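Chain naming follows the written order as A, B, C and D, and within any one chain the residues start at number 1.
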Amino acid sequence: MKLRVLYFARLREALGVAEENLELPAGIDTAGALVDWLRARGGVWAEQLGPEKAYRTAVNQDLAGPQTPLNDGDEVALFPPVTGG
Amino acid sequence: MKLRVLYFARLREALGVAEENLELPAGIDTAGALVDWLRARGGVWAEQLGPEKAYRTAVNQDLAGPQTPLNDGDEVALFPPVTGG
Amino acid sequence: MKIAVQTEPFDLAAEVAALYRANPKVGAVASFLGITRDENDGHAIQGMHLEHYPGMTERALKRIAEEAMTRWPLIDLTVIHRVGALKPTDPIVLVAVAAAHRGDAFAACQFIMDYLKTQAPFWKKEATAEGDRWVDARASDDAAAARWNVK
Amino acid sequence: MKIAVQTEPFDLAAEVAALYRANPKVGAVASFLGITRDENDGHAIQGMHLEHYPGMTERALKRIAEEAMTRWPLIDLTVIHRVGALKPTDPIVLVAVAAAHRGDAFAACQFIMDYLKTQAPFWKKEATAEGDRWVDARASDDAAAARWNVK
């Protein structure tokens, strides 16, 4: 499954990447599984996506939870809690 | 005791008077007693200040209740419930 | 704190700007604009005359505004109420409240409107096709004011 | 219904007038202006950069606005959020809600702000004398949004 993944704000800066195109192995088919897979990259990924870190996910520009399913071609975003207004 | 009494809005129109200077007999020394005294004039006064009619009183430009004391020289106002905003 | 009762229109942008332009501690301005409608209780309204009690109006508005300043950590506020002849779409009242944070600004703005509606001596007389009529006070306004539990 | 995300300033008076001038059923406009402060959590703020997620921001704001239109009998509303570089006293966000009666306008305006604060993908980065820092989300904003019980 191919995904476009976007990173924003503090997370973009800490991970050093704004956007990447991923080809996921079979079985990584929810937002939560994607985050686990990214965390397994280790280093800043393990640190920034660790259980004590607050982050949010969106799938196709809607806020998502760990159970939100992923489909080929989806746009997924990872970002810190929002602070607009 | 001398008082200046003002009437506003629907009450002013119904009573046909905007303002009057009164010389009250002894014993008429609260806002409630004043209203009773005015009501005793009969006619539109009895009608407009009757128990089923909603009206408000102010003494020296502060909202008042029946027990609010009156003093010589006070400015008293009678008016319908307010409808600004 | 600015309190005004006037026949002239007011300038919303200028009034709101006056609350925050000169004070960089302001993070939130909540404001309310009351506007003359063209109908009320099913009657078509051609225009309106707003009567008031000169002297007491300013006094009542000042008292309401000061009570709001006591209840919430506000930075500044403005209340302007028009009187005289108004037609549909004419603004009647502006309440604008500046604070560091939005919760205080919103609460104080609503509080001031609820109290103004029940405590400030203004009376509306509407012009309809069937003639002029005094607007009746609404029980919902008393209820709105009652929830703030003043006095 | 107008939703905009832009770098340019907006015109408060024109935006509010657009909500009521053409519609004499509007009796109330509640509005909120969020403004850049010169301090936050004890830090002096020289300026701010507002990052957003293009596409999702408009989508999230539209969703919040439509939810408000469903919950209250509103006539019209406008949400404008600025992004990019801002300095103290610069307006950040405008939410203005027009309704026949004030209770609906106030409630919807607060609802939209509370949801925008927790659901719309904007992030503030403040410039301070000690360097730039990302603003942390506030627990009080989550609590404010939670009271509306969405989803």
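Throughout what follows, a contact is a pair of C-beta atoms (placed from the backbone, for glycine too) under 8 Å apart; a residue touches a chain by one contact, two chains touch by 3 or more.
The structure displayed is predicted, hence computed values, not measured ones.
Listing every chain that touches chain A and chain D alike gives an empty result. Between chain B and chain D the centroid-to-centroid distance comes to 48 Å (mean Cα coordinates, whole Å).
Our note on geometry: chain C versus chain D, Cα centroid distance of 23 Å, whole angstroms.
The distance from the centre of chain A to the centre of chain B, with each centre set as the mean of the Cα atoms, comes to 72 Å. Residue positions of chain C touching 2 or more other chains, listed in rising order: 34, 102, 113. Contact of a single residue of chain B with at least two other chains is seen at positions 85. Interface note: chains touch in the pairs A-D, B-C, C-D.
Within the complex, the chain B residues that touch chain C are 6, 8-10, 54, 58, 61-63, 77, 79-85. Of all the residues in chain C, the ones that touch chain B in their complex are 34, 50-53, 55-56, 59-60, 81, 92-93, 113, 116-125, 134-137.
The part of chain C that touches chain D in the complex is made up of residues 11-13, 16, 20-21, 23-39, 88-89, 100, 102-103, 105-106, 109-110, 113, 140, 144.
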